[in-house]
Each structure stands twice: as structure tokens, then as C-alpha cells.
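Written below as C-alpha cells is the structure these notes are about.
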Amino acid sequence: MILQVKNLVKSFDGFMAIAGVNFTVKKGELCAIIGPNGAGKTTLFNLITGHLSMDKGQIVFNDIDISRLNAHKVCRLGLGRSFQRINIFSRLTVFENIQAAVLTHRGKSFNFFTPVQPLFQEETHEILERVGLQEHQDEVSGSLAYGFQKQLELGIALAMEPKMLLLDEPTAGMSAQETRATIELIGEIVKEKGLTLLFTEHDMSVVFSISERIMVLHQGKLIASGPPDEVRANPEVQKVYMGESR
Amino acid sequence: MNFDFSFVAIQFLYGLTNAMFIFLIASGLSIIFGVLGVLNFAHGSLYMLGAYTTYQCVSFFVDSPGYFWWAVIVASVTVALLGGIIERLLLRRLYQHEQINQLLFTYALVLILSDVARFIWGVDQLSVSRPAVLKGAVEIFGQYFPKYNIFIIFLGPSIAFLFWFFMLRTRSGRMIRAAALDRETLGSLGVNVDRLFTVVFVIGSWLAALGGALVSPVVTIRPGMDVEIIINAFIVVVIGGLGSFWGTFLAALMVGTVYSMGILVFPRLSMIFIYVIMVLVLIIRPWGLLGRPLQR
Amino acid sequence: MSRQNWVLIAVLVLLALVPLTGSRYYVFLLTDVLIFGLFAVSLNLLLGYTGLVSFGQAAYFGIGAYAYALLIKKAGLTFGVAFALTGLSGAAAALIIGFFCVRLTKIYFAMLTLAFSQIVWAIIFKWNSLTGGDTGIYGIDFPEFIGSKTKFYYFTLIVVVVSVFLLRRIVNSPFGRILTTIRDNPERTESIGINVKLFQLLAFIVSGFFSAISGGLFAIFNHSIFPDFCYWPISAEVLIMTLLGGMYSFFGPMVGAGVLLYLRLEVTSYTQYWPFILGSILVLLLFFFPGGIVGFFQDQIKKWRPSK
Amino acid sequence: MKRLLVITTICMVMVAFSLPAMGAKDIVVGFPMYLSGGGAVFGKPSAEGAKMLVKEVNDSGGVLGRKIKLLVRDCKNSPDEATRVAKEMINKNNIDFLVGGLTSSQGLALSEVAKQEQILYIAPISKVAGMTEPPRLHKYVFRSAANSKTEGRSGAVLAAKNKKWKRWATIGPDYSYGHSVTAAFIPWLKKLRPDVEIVHQAWPKLGESDYMPFINVVMASKPDAVFGSLWGGHFINFAKQASPLGFFKKIGFVSAGEAGCLEAVKGAGDDMPAGIISNTYDTFYYPDTPWHKAWVKQCQAFTGEKYPSSWLGTGYDAMKFLTEAIKKAGTTDTDAVIKALEGLTINSSVGKLKMRAKDHQAARGQYWGTLTKVPEYPFLILKPVEYIDAEKLME
């Protein structure tokens, strides 16, 4: 078990966003969380990564209780994260984006006087290559094409050498072609590094093509969990999710 | 010194008067921040212009009956329109910029407007007489208390109540409240956000100018009154919670009365009390007494 | 060595030669510019590099000035000790104030820094017995070994160059790089394992340290100090300098300080409507040159050389 | 590209402007003055008065055959600005002498600049006594204004005349001037009238806009009379707020801080209380002597106003001291002019005025009187008015 979520509860101003969620993820597993808009997927991710504090419950990652840890501590334990909206350092170059992540991962962030430019060139380039951005390394990341920015975000997450990746809609806003390329890239990387993957996605074909297990979130509760075929056949899922057809 | 009850009570009433003036100014500042997200340094300048324009109008209308009230209305509306023009032509273009740019733009307005006022009205101390009906004082607890102050004490809550009614019961009011909560959603619901912002800025400017107009019989109208008031208004808005209407009301009451009662106890340190309240609020509830904590 | 470094050395040599012209005007102006330049650059560590809008930076400038004056005049310390403690006093104040400020973001942060600086001002204004109240502290003489305006100019030049050099090392260090990631995206920075609040606080302290150094220098330069050093218009002025020069370039604030102080000196000779002119400059800047002077020239250079 | 060109042009023009004007043999006098903000109402006429003297001198051929050039600069309300502006003028414009400053803290600040830069400074308005007393007294500072000590003491002289006033309260702005003038008033009053007691002291901050709470506390202490040192607009504010309460009808009021000056009586309009005792630097309606009438005429001609400001005299007298001293010294050498100034007597806006050698303080008294409504003027004037000579009040 790399991740255990027990009895998780979170409400905003009386609105139950997460109403008692329980699940576990095995090491090396490729898991998807699906659910209609507003089901609480992003909130769930934010709770796991410590960006939000929970009301009740417990989260254990890699045998460590991370229920009360801050986001920056959680991520140091090896839980990488990408965001639904583009979340990069837009005034920095592509290279600097990745390098910043490498720096913190290698514990160099408290160095006040060493010139930063020559540090970790090799490691950074390796990641740039892995996510296919070596061509663009000197461009200001904010002016990159959308798809590249998403790849860059993945690169930042990878630079932390995570044990597990949480990707929030990694293909949101992409064209069909970009989506396919991105999914392939993610699949490759995950397999190559032996990572555990938990992601949310709105594109069902993507979900069913790479997930080993699918969990369905509805109104803050998990209503189904299992292999793709089983979930697809679940009548309740069909009612709340597929029925909405969008 | 021993104080009779009556003097303490009167002291409290003076605090209330002051609180109502601060409330008028600060509520405009607060609503502009709440909806537009702009911290308007120039708010004090609009207050000053309100006072100067009132002086000007009083000298125009002085022969007609009820001239003071006409002057107040004309002056505050004129300045409110000026606020609208500033928002429409200039401030609007900065919404996409970083917040620091909006802040500095309003500061630039402070500089420009103070010199414009100096250019038009010079540096003399101007003054406006109290309207005839409110001259003199009445007896409360055996002490004299100015009629004009009583008028202000009643006016403040009335405006607060009208405002509250407007926000809660009218469509425009609901839209403004919604805009304060979530701008993007409102735009996607088909509301003309641009126009709404202008309206809010005009209302805010009007409140500032009204404050200036109403204070003109009590103080001298002079250069520098813009900067004096803005600091007090900031303090009140911070204590009450940025963007919180009732918070502003509560904080204005607090600041006004604590200041006047403080004078009874430690005459020289009254101002420090206010700063101490501000620090305590900021440390314990950084988002202010009735403000909402910021998510992210 | 890079081209930029050559330019810097050339500028330095020119600055060192200025007193040889015998013009006390330029020595006076440049001392002022150097001091405020350091102040603006230290503010920009927060503004341009960490994305924190401090609207109360005058507090640390004023604390530096008062700390130096009090240590020399009341505590009777030697110059070296007092000057070293000046920087530390700013850092200490920044630690305390920053601890509360970094918990807030954006405009709330700006308001809180402003509030604290007003409190510092009020305390200095009211604490007559220690600070002299509105009349300030007077008679702060040049230390013996820099007993003339020219010598003080060189002293200022050295202190400012060393400080700016250190600040430049800091912004080009891994720490500085992390600050820029916080500026661009604090949330994401947290997700690469950074304690954002801690880094913001550290930046705040470093900035407070150098602001206080510039305040201490100004106390010696001015010979007397006043509560107004902490008052908010000074905070606004240094912000304007920073934006005028360009907050996204390291030396921009220095250029901004130079241009603003020079302009003020010239314009006030002709008209008393300087606030109006400053306000208009600011409006022009915001609408037409949002990158500031240095940003504007950088853009022009980029246009001439589209790709490298 | 176009913008670049514009910017370059602007830069070049500015550099051209900044080249110091060479070859000027004028005697340059720097005059930093409070010209924007609340005190500008007094700063402006003071600067006008200085200009008037300069015109008078230059029209008659200047001093030592050289013209006087007066550089007036705005220094707002802060000592910090005054210091900066003065230093700028010293370093950039090579001024020979420094005159100016309005608030007490500005006077002290400019005195400090004078000491450091070794330039002669004359304070035309700032009153805080400490400026011309050790330890702050030094050889470069002079004051043509009255100081807070003579002002407070002369106020006490008038206050002591009314035997019914036994319980006294004071109200003054919480900064150096307010404190120093009150500190001069109280012991002098007690000396003249041992039976008085001080029942309350109120210290609103300088620039306070709401005096109501202070007024209430003062009234609560039930004084027979109050000594105030709120000046200019501060007094007007105070008067506007106190009048409706019958404050001035119930309680005697002795006001230092030139509450009796023209700006204040005009500014307060209806709310200016008749019957209070106050002072002013000088007046345009008194004394009724030929030289004073001539002086008023000069003021009227220069300003184009029927009732010229009494503050013209402040700038005028300070500049007159300076030019007379230069004439007497026969040189602009600072040390020589300082020597010449010590003990110099001039014909000022208030008649013969002597600069004491001992403490560089002009032995200047004040016009005191009771604000009274008279048919000749559309505002209150001091009547009866008397000039209280300073010599008796100074050490």
C-alpha cells in the first residue's frame, strides 16, 4: 500500500465537498478518479497533497501519516503533483523551471551565494529530454504553447523524483492529438520509473485506455471502484455519471 | 480629574459623530476594494474634493433657501461622476495588470488631485457655515451638544441601513455582492461586469464625497485633508475586514469611540490605542473582524 | 567576463572619478542616489524577485537611521559596531514584522506592512524622551575617518557596492531562484517542496537588513533624522523609484532612484507643482512603460536583435 | 523606436537644464517654505514678504552693488523635507544664506543644516525657544521671529490681568511648539498670579481634525479660562467645533499661535469667537504711525490686496535683517555677516527691532488684544491692541 485514505471529510461553509472517502492505492498501480464536475476531485487531491487541511480522517503515504503535513513537506516525501490549471513559473525559462525543482529536491535551496546557473545542468537536461522540451529550454515558459506548458509541468513533477504522481486532468484543454501524445508520454514515464499514478481525467477514452483501476466520485463520496470494465458496467455509475453525458 | 456621568456620555457621543464620518469614507473604500479588488489611495482625495466642491457650491447657491443641502447634493454627485470618469478612462485599463500597478495609479491620483485642488482653490483655509436649522446646540444630560453632530449620528446608521437594504433587496445590490464573491462566474452569467465596476466605483466615490461635503461645516477645508483622512479610513477598513460592509461599520464605531474615550484616560496616547487595536486584529484575525479569510 | 560586468566596472570607475570634477553638486546628488538606490534595490528583492508588495519599507529605513543615531549618540558605541548593528536592527525588525506579514498574501500583505510601518512611525513620533519626537535627533556627525563630504561619498560608494554585490549574489543563487518561483507561483513552489512562508520571511529579513543599512547611511549623510523617515510617503517614493527603473531587472531600481531624485531636484527649481508632475510621470509609466526605464530599453534592444 | 527617440530627447533637454548657471554674481538666498498642505496659508505670504523686501532692495540698487536672488522652495510640512531642500540648494544652487522654514521642527532642522554646512540661517517664523538656547544654539543660527518663551510669557501677562480667572486649562498641539509655548506660559502666569491652578492639559495631535472630545474634556474640568496654542487652521477648526457649545461664552480664552491673525479670522468666518484674547505677528491696522502706514501701503501695492496678510512681515523682517547685516559687514563673508547681525537694529514691520548678540534672538514682542467686531472691517480685529515688548520677558 503506497497510499491509504481513511474516512476523509472536508466541508466549506457547511457544504460537504468530501463526505467520508476511503480508498487505497497499491505500489505501481495506475489509478484514475472520475466523476462529474464538482464531484470533489480537485479538493480530494488538494487534501492529499496538503494544500487544504482536512476536517476529519487520515491519510497515510508510504507508511507515514501525512494527514497534518504542509504541502511542501508532503511533496518532499515523494508525492509529485500536477495541477488542473497551468501551474508553472511563467516568467522563468523552461530550463530554470526544471532546474528550480531539481535544486529543491537536492536540498540546495538554502544556498545564498553560489551562482545558480551552472548547478545540476546534467540532471535538468535529462528531464528536459524526457519530457521532450530540450528544444525550448531557453524560452520563457509563459510564452510556450499550451501543450508544452503541460509537459513542462509534468517535468517539474518528475524533477522531484516522486514515488507517486498525482495528476489533475493532465490533458485538460488539449487537442485530441496532444492528448494522445501526452498520455503516451505519461504511460512511458510511469512504467520506466516504476511510479504509482493517481489521476483525474474527463476524457473517458484516456481513462479506459491506461487505467488499471477506476474510482468514481460523486457528491463527495466514492460510489464505485474497480477495473475499467467492472466500473463501466456498474449501474449506479451509469446513472450518475454516464447519464449526464458530457 | 473626576468626570460626571454626563461628560462621559457626551464624550461618547463625540466619538460616535467621528465614527460616522469615518464610516462614510471607509465604507466607500471598502466596497470598492470588495468588488474591484482595488485599494483606492485616492479615496481621501475624493473626500477632499467633495469638501472643496461643497464650498464652491455654497458660494454659488448662498442666496437660495436650503442652499447647504443643495450644495451637498450637487458637490457629492459631481465628485462621484468624476470618480466614474477616472474609472472608465484610466483605472479600467489596469485591471489586467498586477495589483501593485493599481495601487500606484491611485497614489498618482492623490498627487495629481492634491495639486489640482491647490491650483484651483489655493492654500487658504476655507470654511462653510452650518445650515441654519442645525446651528447651535441642544441640551443632553445637562450638557450642550451640537445639533449638527446629532444629525450626523442619525445620518450614519441611516445610510448604513439604506445601503444594506440596497445590497440585500435589489437586483443591483445582489449583483454587487456576487461580484465581490466571484468575479469570473458573474461574467459568465452574462452580467455586464464592466458597467457594474463603474457603478460601484461611482457609489464609492459618492460616499467619499458625501463625507467631505458633510464634514465641511465642522472642519476647515484645506490642502492636506486628503492624506489625513485616508490613513484613518485604512485603519478602519483593516480592522473591520477589507470588503466587509458591517465590519467597516463596527470598526468605525470602535475607532471613533476608543479614540474619544482614550482621551479621557491617556490624553496623549489615544492614537496609539487605535494602532494597538489594529495590530492585535491583524495578528489574531488578519482578515479583520468581519472579513472573510482568504482561500489561497 | 560578460558584457554586463564590463559595463558595471566602467560605471564604477566613473562613479569613483566624480569627486575629482570638484562639483559638490554631483557628489551630493550621487551620494543621495547611491543611498536611495540601495534602498530601492533592497525593496526590489521583495517586489521584483519574491512578488511581495511591501508598502511599509520606510519602517526599516527609519529603524536603521534611528538605530544608528541612538547607538552613536545615546549608547556611545564606536562607529564600526554601531553601523554593523544598524543592519541587524533592520533585520530583527523585519523578522518580527515579517513573521506576521508573510502569513498574508497580496493586498493584505501590503496593508499589513503599511500598518506596521505606521506603528513604527507613531512610536518614534510619540517616544519623545528617546527619539526627540517631531524634532528628531540632530547632530549626527561624520565619523572621524570619513570627515568630509567627499570621503563620505567614497564610503557610501563602497558600502553600496558591497551591499549590491551581495544582493546580486543572493538573487543569482539557488535561494534567489526559489524566490522567483515564489513570485511566479507560490502554490506550485510549495509543491516542489519549498516552505514558501519561510523563504518569504528570509527575503523579508534580507531586505530589511539592507534597507536599514541605507537608512543608517542616510542618517550620517543628513546629519539629522526625523520620524518622517518611517512615514508612508517614503515607502511610496521608493516603490515609485523601483517601478520607474524597472522591477524585473536587478539594476532597474538603482536607475529609477537616480532618475527620480535628479528629476525632483531639477523640477522643484522651476515649479512647486512637483507632486502633480510626479503623479503624471507615474501615470505615463503605468500606461505606456510598464516595464520601467530599464525594461523599456531591454525591449528595444531585443527588437533590434530578434534572436540571439 | 519613436518612443526611444522621445525619451532620448527628454534626457538631453534635462541635462541641458541642469548645467549650473554660471557667472551669476547675485547674492543667492535659499528660502525653503511650507507651501503645500495645511500650513501653506502662512508659508505663502511669508515668502511674499521676503520677495517684497528683495524687490525693495534690488530696485534701490541691491546690496554692495549686487542683486539679491531669492530661491523659494516648497518644503511641505516636514523637517525632513526642509533639510533636504536646504541641502539641495546649498549644494546645487550655491546659496550664500539660508532663510525660511515654518514649523518649529523645520526651524530646528534648518538650524542643524546651517551648523553642519556652516551657512548663516535666519528663522523667520519658527518659535520653539530651544533653537536659540543652549545646547542647540550655535553661531550660524538667528531668529527674527518671537520665540515661544516670549510668546507664552506675554500671553501670561494678559492672562494675569483678569482677576476672576483662577482655574486654568491648556490646550495645545502635541509637538515641540505647543509644549514649549505652554511651558513658558504656566510658570510666568503663576509668578504673576500665585493663586491660579492648572486643572487640565489637553494635547491633541498636530493637525487633529476632530477637537470635540478634547473640548468636552476641557469643559468637564470646569476651568475659568483656557490657554490655547493651536495655530492657524488648527485654531479655526477648534473654534468651529467649540463655538456651538457656548465654549467661548462660558470660558475665557487666551490664544497664542497667532489666532488673531488675518488668515485665521477670515478663515473661521462666523465661527470666530469675539472676545477672546489673542496675538498676531503684526497688523495692518495698528499702530497708527506714518512708518507703519507706509509699510502697509507697500504690502498692499505688492500683493494687490486691500487687507494684506500679517505674515508678510515674517519673511520681510528676516530678509531685512540679512540685507542690513550684509550692508553693515560690507561683504558676504559668512563670519563677517554673523558679526554684523549680532546686536543689529533694523526698522522692521513692527518698528525698531534688535537682534540680540547674546542668543541670536530678535527682541521681538507681539501684538496682543481682544478680538472685537468693529464696523470698519468685515472681520474681527484685535481691539484694544497693544504691543508687548519682548525685552522685559527675556532673560
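A, B, C and D label the chains in the order they appear, each numbered from 1.
Note that in this section a residue touches a chain if its C-beta (ideal position, glycine included) is under 8 Å from a C-beta of that chain, and two chains touch if they have at least 3 such contacts.
Remember, it's a predicted structure, so these values are computed and weren't measured experimentally.
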> Which chain is most remote from subunit D in terms of Cα centres?
Replying inline: A
> If you average the CA atoms of subunit B and of subunit D, how far apart do the two points sit, in angstrom?
Replying inline: 34
> Hey, how far is the Cα centre of subunit B from the one of subunit C, in Å?
Replying inline: 33
> Roughly how many whole angstrom separate the Cα centroids of subunit A and subunit D?
Replying inline: 72
>> At least two partner chains per residue is the criterion; list those residues in subunit B.
In response: 114-115, 118, 268, 271
>> Counting only residues that touch at least two other chains, what does the list for subunit D look like?
In response: 35-36
> Listing for subunit C: what residues touch at least two other chains?
Replying inline: 187, 275
>> Output every touching chain pair, sorted by label.
In response: A-C, B-C, B-D, C-D
> Which residues of subunit C touch subunit B in their complex?
Replying inline: 47, 53, 55, 100, 103-108, 110-112, 114-116, 118-119, 122-123, 126, 187, 232, 236, 239-240, 243, 273, 275-276, 278-280, 282-283, 286-287, 290
>> So in the complex, the part of subunit D that touches subunit B is made up of which residues?
In response: 35-38, 40-41, 43-44, 77, 174, 199-203, 205, 207, 209-210, 212-214, 216-217, 219-221, 232-233, 236-237, 240-241, 244-246, 263-264, 266-271
> What residues on subunit C touch subunit A, complex-wise?
Replying inline: 166, 169-170, 172-178, 180-181, 183-185, 187-196, 199, 248
> Can you list the subunit B residues touching subunit C in their complex?
Replying inline: 33, 37, 39, 90, 93-94, 97, 99-101, 103-105, 107-112, 114-116, 118-119, 231, 234-235, 238, 242, 268-269, 271-272, 275, 278-279, 282-283, 286-287, 294, 296
>> List the residues on subunit D that touch subunit C in their complex, please.
In response: 1, 3-4, 7, 14, 17-18, 20, 35-36, 71, 73-74, 78-81, 83-85, 87-88, 91-93, 104-105, 108-109, 112-113, 115-116, 128, 136, 175-176, 206
